[in-house]
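Consider the two complexes below, in which chain A is the common component and chain B and chain C are the respective partners.
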Partner chain A sequence: MDILTNLLSLLFLPLGTSILIIALGKHRKKYAPIVAFMSAIGALSLSYILLKNLPESVHYSWEWLAFGDSKFYIGILLDNIGATMLAMVSIVALCIVTFSIGYMSDDAAKGRFFAGVAFFMFSMTGIILADNLIMIFLFWELVGFSSYLLIGHYFQKEEAKSASQKAFIVNRIGDFGFLIGIILTYWQFGTTNIELLSIQSGIDPSLMSTFIGFLLICGFIGKSAQFPLHVWLPDAMAGPTPVSALIHAATMVAAGIYLLIRIDFILTSQVLLFIAYSGTFVALFAGFCAFAQDDIKRILAYSTLSQLGYMAAIFGMGYSGIALFHLITHAFFKALLFLGAGAVIHACHHEQSIFKMGGLFKKMPITSITFIIGTLALCGVYGFSGFYSKDSILIAANDYNSTLFYFLVFGAFMTAGYMGRLIWIVFFGKANSEAASSAHEVSAVMTVPLILLSGFAIFVGLNAYWPFGLGASIVSDLDHLHHLSGYKEIHKWVLILGSAAWIVGLGVSLIFYGKGSSEDRLQLKFPKVFAFLKGRLWVDELYQYYVNHIQKPVAEFLSFVDEVILRGIIVRGGAGLVGVLGVGFRLLQVGKINNYVLWFFVGLLLFWLYGIDLF
Partner chain B sequence: MMYSHLLFSTIWIPFICGLIFLVSVKDVKTLGARLLGLCGGVLPFVFAWILYFKYDASLLEAYNFELILPTGLESLGIFLHLGLNGISLPLFILSATVGLSAIVYALFSNAERLNLYVGLLFIMFSGLMGTFASVDLFFFYFFHEFALIPTFIMIMIWGGVARHAVALEMTIYLTLGALLSLIGLIALYQQSGAEAFNMIALKDALLEQPISEVLQNNIFALLFFGFGILVSLFPFHTWAPKGYGAAPTGAAMLHAGVLKKFGLYGLLQIAIPFLPAGSEAWGFWLLLLGLGNILVIGLVTLAQKDLKQMIGYSSVMHMGYAFIGLGTFSILGAGGVLLLLVAHGLSVALLFLLSTCIYKRFSTFNMDEMGGLGQIAPNLSAFFALAILASIGLPGFANFWGEFIIFTALGESESTRWVLYLAALGIIISAVYGLRAVGNIVFGVAKESVIQANTASKVGDMNPIEKFSATVLLGSLLLIGVYPKIFSDYSNKTLQNIYSDTSLLLNDEYVGDFKLERDTEYE
Partner chain C sequence: MTIGINEFIIVSSLLFLIGFLGVILRRNTIIIFMSIELMLNAVNLALVAFSRYNNTMDGSIFVFFIMTVAAAEVAVGLAIIVMIYRQRQTILVNELNQLKG
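The block that comes next holds the complex of A and B.
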């Protein structure tokens, strides 16, 4: 198979799958899981063949649309960065689709679910392969659409209705800036092709503009749920858990970071500085919020936010390779954590509050162990994948700015804190509800993906062993770090602080929360602190206020103006005036349509007579 | 020559069908009547696509498939002069597509006095095909009126609440608009000194002897406001939502989907290329009023609770993009407008169609009283959600390209970038009202009474006719969305031809050149 056929089949296989599932009609329920599973295996094999044969990079481009001198292209660019993403996405997707077969087994709308997941895979592959910003934007919106579809899967629930709308609209706000940014880039550089942009900005750095840079990163802020557009991600947990794992943890939200890595050469230093600081802020802010949540999925959602903050921060510090590194390790362990949470929720009959769980370790040993592996990887414990990426983030941060460094170390401490809280309460102690005490281990179709993913969560950090030379940019960034002056001293210091962070975090949470508690001790002992954390800086409330007290009244006022003043007084008034003038023609014009028709033809006849020179 | 007659037949076939339905068909539900109706709907559609494949883009100057028939008005320079160019071809196909969908749906509907309904719809359809196939300006206008009159009648007979008042308001408004544009067209003809009242002759005459700037300004104003009223330009839009709210499905589909495009087509094909100085003088107003459509009407749309009104307002809002696209005076902008017109026509017709299907399930248009359509009719829900997403510019559907190209055109010049920043807010506004509608209608749990009513009336999910009509429209939206070249290549050739001949590009140097040339001529 030549490379182009391979690429195209990789892109269109999921789309075909989605269409096939829809075309199955009444047989959807029965065959959708197996079709989706085969397609995920197919996609993984295609990626494998592709990566095996891939030269350094491939680029294809076709004209899509042209008006005047402006031409727009569609094209494929696959380089090392894209290949790394592609490998991750195919593996994670296969695990998650497999898990879904078990998790969604009782769902009545399996067809819609699997078709949606397949369509998402198509859009995500599109983002990875796109060679220009317009095409990225196109698939960017399509992932948003699949996310909307899947968040709204349980459409009967009020929660799903508002969450899916919120996700789409908040993303649109980000896309508003992104779209303008793309258009201005097009006119500034004369192209949106990524390779050409990199050449152009290299030749003439004066073309780079901070304004355009800020507009472009709006897309990232929306999709990767950065402050202040982070509000949609926790709510998006209303969707089925495998969706949260695939879209809202491992792949789609990371697409924002992927975009940044793609366009890093046209972002000016001011933009990078902003990303570094806002990323650090999100890393901390989301960590704080996680402490006030009792829904297991929402805790993980805030954790995702916080980790995305880490990726953004390190990107802003100029290490896009390390951002990619953390993106990849995070994808595996966070997918693992979400699927583990899914298994727990499935076993506890859709109970999601951690205070109604407890003591699950004995009942579900495989799930518990894999979940703990995921947690250790997230906390950055030595030997687990998260350690390698977080360690390099902290080293780089130490070199960049010591304030940010300490903030990020504190963030790592918080990560261990809220994850410890979750682990101790959910898996240890005694069961706190009927559902938890009757829970038992989930079936093999769900545990096998968990075991697979925990393998990745442990070993994927060893990037030197990645096949096909994947992650070349990671290696070069790590090399750069290793040659910093005083690297050994810094590394020792980072190692001590980083390890202290997770040891203290896990320990303090054990002491403070205790095993298997049924109540939130933070809420009991420090209600004000808890209330503050629960408030999440009142961003949601602020938006709600805007919608209810500004947008709605303005819309209603304008509607009133339109209805009463424009239509009622001016137009009707005008018509009234005409009516008064028309009194004389009363006999001719009685306001019946047939008369108008008649008069139209009379006019036509006169015109005609004039035309043939009768008068 | 054969294809010219094929073009002509797309006009008279629906007309004859319409006459037969009006005069001699008593019961539409008989096989013969239905077959006749299907022929009348399908043939123009098939012919339109045949013409598409026979279209020769290398004929730069002339129109394709030209047909000139005498009418007895030769002394006025009026002939039945038909033909298609890259601007009219996409709209011609749009009209055939929406016509097919509306007619098939109407044939199998349960309207009272169905023969009259279908007959009028056919007359309207015939007028629409004629409008976009006319090169002659008199017939261009005549066919528009020809399609407009059945609209009024249909609202009067089958309209909803307050149909008489609404029809009257719409009649007065649209007649006024049409009158202004007619005066403009006649003035243009008369001032240009062209030998015949058609687009080709006008263009040649104007190229040879441009008319003075003052005259251009005045004529453009007539055409701008005349055509503008017909396209619901802010603040002359108030007829549109009410009118569509009251209109029966078929009339709303054909009017909002196709007939309304007449005005913008006139601006695109005639007013802007033929009156460069005039359009430049009014350029700011094009942008400003277009922004009014997007922002003001966009917000008004947010406040709507009635589904049909909401679609009506959203259609008014989307016309704003077209006006600002024209306001860029570039080939890119004009191309974007053309794509948007086709896309919007398909999507708004689809939305009106689906809103009727939804009404059948809930017996109300009030969105607050709906909910749980996903439960009652999953397929209809999927179609509706996709239609809404298409209309709010989701990539993969045609509307995306229209909006995107127009936005890009606005970004070209520093002087229009402020419009871009404001107009792009429209993508957020439309997402809010669109998704809110989907949320209120599709999501949630259906009321017990609604479920009972549905089981009693056996409405169920979409029937094959509803599916067919909706698929024709949605499929076309997808086709253009995925492969925009299907129209853009032809349109691009024509636009380059007519827009560059008149040297009308907003690039300051172009305008400068143009003025310079004219000055020398006057000396």
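The block that comes next holds the complex of A and C.
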């Protein structure tokens, strides 16, 4: 199979799967899981063959539209960065689809779920393979759509319904800026092709514009849920847990970072500076918010936000390779954590509050151990995958700006704190509810993906052993770090601080929260602090106020203009005037030739009178 | 008494008026058609009279053109009337009132 066929079949296999599942009709429920599973295996094998045969990079381009002299192309670009993403997405997707077979076994709408997941895979593959910004934007919207579809899977629940709409609308705001940014890029550079952009911005750096850069990163801010458009991600947890794992932890939210890495050469230093600071802010802010949540998935969602903040921060510091590194390691351990949370929720009969769990370690040993592996990887414990990426982030941050460095170290401490809180309360101590005490280990179809992913969560950090030369940009960025002056001292210092962060974080949370507590001690002891954290800086309330008190009156005014002035007076009024005139003129049309002749002569008479200047 | 320009104009105006009244008062299409011809000829008479009065040939030449056009118009007009009769079995204008709004 040549590379182009391979690429195209990889792109369209999930789309075909999605259509096939819908076409199954009433057999959907029975066959959808197996079809989706086969498709995920097929996609993984196709990626494997592709990556094995892939030369350095491939680029295909076809003309799509031509308006006069402006031509638009569609094309496929797979370079080392894309290949790394592709490998991660294929593996994570297979694990998550397998897990879903177990998790969704009681669901009435399996067909819709698996068709949605397959469609999401199509869109995500499209983003990875796209060679120009317009095409990225198309698939960008498609992932947004499939995310909307899957968040709203339980559309009977009001919460899921509004969460899916919220995700869609908030993303729309970011995508609006992104679209304008793409148009301005086309205007400025005359192309949106990524390779050409890279060449042109290299030849003439004065073409780069901070304004366009800020517009382009609007897309990233929306999709990767960065401040201030982060509000949709925690609410998106209303969707099924495998969806949260696939879309809202491992792949789609990471697509924003992937976009940044793809276009990093047209972002000016001001834009990078902004990304670095806003990323650090999100890393800390989300960590604080996580302490006031009691829903296990929402805690993980804030953790995802915080880790995306880390990726953004390191990208802003100019190390796009390390951002990609953290993206990959995070995808594996966060998918693992979400699936673990899914297993816990499944075992506890859809109980999501951590204070109603407790003591699950003995009842669900495999889930608990894999979840703890994921947590250790997230906290950056030495030897786990998260350590390698977080360690290099901290080293780079130390080199870049010591303020950001200490903030990020504090963020690592927060991570360990809220994850420790989750672990101690959920898995240790005694059961705090009927559901938790009757919980038992989930079936093999769910534990096998957990075990696989925990293997990745441990070992994926060893990027030197990645096959097919994946992650070349990571290696070069790490090399750059290793050759910094005084690397050894910095590394030692970072190692001490990083380890201290997770040890203290886990320890303090154990002491403060205790094993298997049934209520939030922070809320009991420091209600004001808790209320502040629960408020999440009142961003949601601010938006609510904006919509209700600013946007709504404007909308009502515009509606008034539309209904009364435009539609009422101008359109209806105009039509009414013409209608009345018509009724009048119809009286003249008596249908008798004699009358018409008479009018004709009257007309002539008037002309004559006018001709002799009578009036 | 000599017949001057005034008498010609009076006769011409009378003929025109008769024709006009015929057009607006009669119901039979053929009569209306004849009335139109009468108006045309009233105009012809006036033109010839003015031509003679002014001692130029312009008016007379114009009359020839009018007579030619009128002949063609009669041919077309009568054909239309025949076709209307075939379609509707009537040529009374008060029954041909489909233009009524």
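What we mean here is this: the second predicted complex is superposed on the first by the 561 of 615 C-alpha atoms of A that agree within 3 Å, B and C clash if a C-alpha of one lies under 4 Å from a C-alpha of the other, contacts with A are read in each partner's own complex, and residues count from 1 in each chain.
The rule is short, and it goes like this: a residue touches a chain if its C-beta (ideal position, glycine included) is under 8 Å from a C-beta of that chain, and two chains touch if they have at least 3 such contacts.
Only a predicted model underlies this, so the values are computations on that prediction, with no experimental measurement involved.
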{"item": "First (chain B), second (chain C), both or neither touched by A:Phe145", "value": "first"}
{"item": "First, second, both or neither for A:Leu65, with chain B first and chain C second", "value": "first"}
{"item": "Comparing the two partners chain B and chain C, which touches a greater set of residues in chain A", "value": "B"}
{"item": "Touching partner for A:Glu158 - first (chain B), second (chain C), both, neither", "value": "first"}
{"item": "Touching partner for A:Asp477 - first (chain B), second (chain C), both, neither", "value": "neither"}
{"item": "Common interface positions of chain A, toward chain B and toward chain C", "value": "591, 593-594, 596-597"}
{"item": "Chain C-facing residues of chain A, complex", "value": "585-598, 601"}
{"item": "Footprint of chain A on chain B - complex, ascending", "value": "72-73, 75-76, 78, 142, 145, 149, 152-153, 156, 167-169, 171-173, 175, 235, 238-239, 242, 296-297, 299-300, 302-304, 330-332, 334-336, 372, 374-375, 389, 394-396, 400-401, 404-405, 407-408, 410-412, 417, 420-421, 424-425, 427-428, 431-432, 435-436, 439, 442-445, 484-485, 488-489, 491-492, 495-496"}
{"item": "Residues on chain C engaged by chain A in the complex (per definition of touch)", "value": "20, 23-27, 32, 93-94, 96-101"}
{"item": "Interfacial residue positions of chain A with respect to chain B in the complex", "value": "63-70, 134, 137-139, 141-142, 145, 148, 152, 155-156, 158, 160-162, 164-165, 168-169, 172-173, 175-176, 179-180, 183-184, 186-187, 551-552, 554-556, 558-559, 562, 566-567, 571-572, 575, 578, 591, 593-594, 596-597, 600, 604, 608, 610-613"}
